[in-house]
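Both complexes shown next keep subunit A, but they swap its partner, so subunit B is in the first and subunit C is in the second.
Our next item is the complex of A and B:
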């Protein structure tokens, strides 16, 4: 079910402040965030966010295409190394 | 024989059903179309007059994306997700289910036929 339009996009408030602050100052550096659930807004374009994946902060450079997606979508939480090795290990 | 929206030649079925043979038109849209043009749902495709066929063709051309165009749109959307590096894109790249379904079992539509794992016994 899609979110009601009248509510507007969901963003954790402190992200707006953080992003605003950086706009005002030096304008580089990764902004570390934990809020994977927040929507990417047009005013975030061009900034780099370190999105927490539970272990590390994955740097995400936001571009226009990402608007409307959530931050969490760009920071995978699982690592998959494949199955190849277990063939011989199980033989015995 | 009626040719609507390029290659589609629905048969002697009812118009409602015949139209759903077009990619991008399902039961709902088929009903909308005959509703707008005031064609009786009872009519078979081969009973349509040339004029009616023409009007259906025009309506579809004007109001709906269909067949090749639609297929292209869909693949562009998928490609966008893949280029973006988002989770849904990754799932498309790996040919796994995109919408959070389980993959421990099932998911055979996306994964293809099950491949046996060599030397699993004992």
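Our next item is the complex of A and C:
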């Protein structure tokens, strides 16, 4: 059963405060959060969150496509160390 | 050739049928890219060609069905070099190849598309230094879980720091010196 629309998306209050405080400061530091259940809101776009996976804080750089998803979706709790082979990474 | 100059591109998992086919696990991105590189090398230095025959399953994985040919020297023609394909390995010869990895020399990879594109293989093993010049550790892995790539920097004491792979957090990359400059990093 899905969440009722009238309630709006769920976000932990402390996360909103941290996000606003960082935006006010103008610095782009990683915001450490434990709230994997919180929904990603439009005002988080462009910010980098460190989402706890039970052991570490995984950097999550929020973009438009992630709005509506939960933070926990981008911070897996099990790590697979694959092969580098010919994989490429783009610096953003 | 040194082992660090070789990239493991795939692994021969098991024979398939009686005609010399094998199940091949690819480590490339995308997986079918393994068929675009040739020749590949076994750990003992033998060169081989890999031909795609189809897709099959191995335990829980989807893997390639392939044929493997021993590498022969290229035949020179006026315009270009044409590789000469020897007969493929048969079922008995394939038994001796099971479990072996296929390697490609790093120099055989095409150059990256632009200045902000990097091969994982080039970054892994680089020394990570802070903007102050203080060494932080070595880059041991890169991960992307759908929210941007980040570097895993492992310090000498085994502790790990995760650094977003952005221009702000990684302002300078010197591949020749095998060094990346890191601004910040989250332990």
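By our rule, the second predicted complex is superposed on the first by the 79 of 92 C-alpha atoms of A that agree within 3 Å, B and C clash if a C-alpha of one lies under 4 Å from a C-alpha of the other, contacts with A are read in each partner's own complex, and residues count from 1 in each chain.
Keep in mind that, in the parts below, contacts are C-beta pairs under 8 Å (C-beta built on N, C-alpha and C of every residue); 3 or more make two chains touch, one makes a residue touch a chain.
Please read all numbers here as calculations on a predicted model, not as lab measurements.
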First (subunit B), second (subunit C), both or neither: which does A:66 touch?
both
Which partner does A:50 contact after superposing on A: first (subunit B), second (subunit C), both, neither?
second
State whether A:28 touches subunit B only (first), subunit C only (second), both chains, or neither.
second
With both complexes superposed on chain A, which partner does A:84 reach: first (subunit B), second (subunit C), both or neither?
second
According to the stated criteria, A:58 is in contact with first (subunit B), second (subunit C), both, or neither; which is it?
second
If we overlay the two complexes on their shared chain A, which of subunit B and subunit C does A:76 touch? Say first, second, both or neither.
both
Looking at subunit A, does subunit B or subunit C touch a larger number of its residues?
C
So, does A:7 touch the first partner subunit B, the second partner subunit C, both, or neither?
neither
Based on the A-chain superposition described above, do subunit B and subunit C contact any of the same residues on subunit A, and if so which?
66, 73-74, 76, 83, 87-88, 90-91
Where on subunit B is subunit A touching in the complex?
80, 83-88, 90, 117-120
Where on subunit A does subunit C make contact in their complex?
28-30, 32, 48, 50, 56-63, 66, 73-76, 79, 81-92
Subunit C to subunit A touching residues, read off their complex:
7-9, 27-29, 33, 37, 104, 109, 112-113, 116-121, 123-124, 141-150, 160, 162-168, 170, 173, 184, 186
In the complex with subunit B, residue positions of subunit A that touch it
65-66, 69, 72-74, 76, 83, 87-88, 90-91
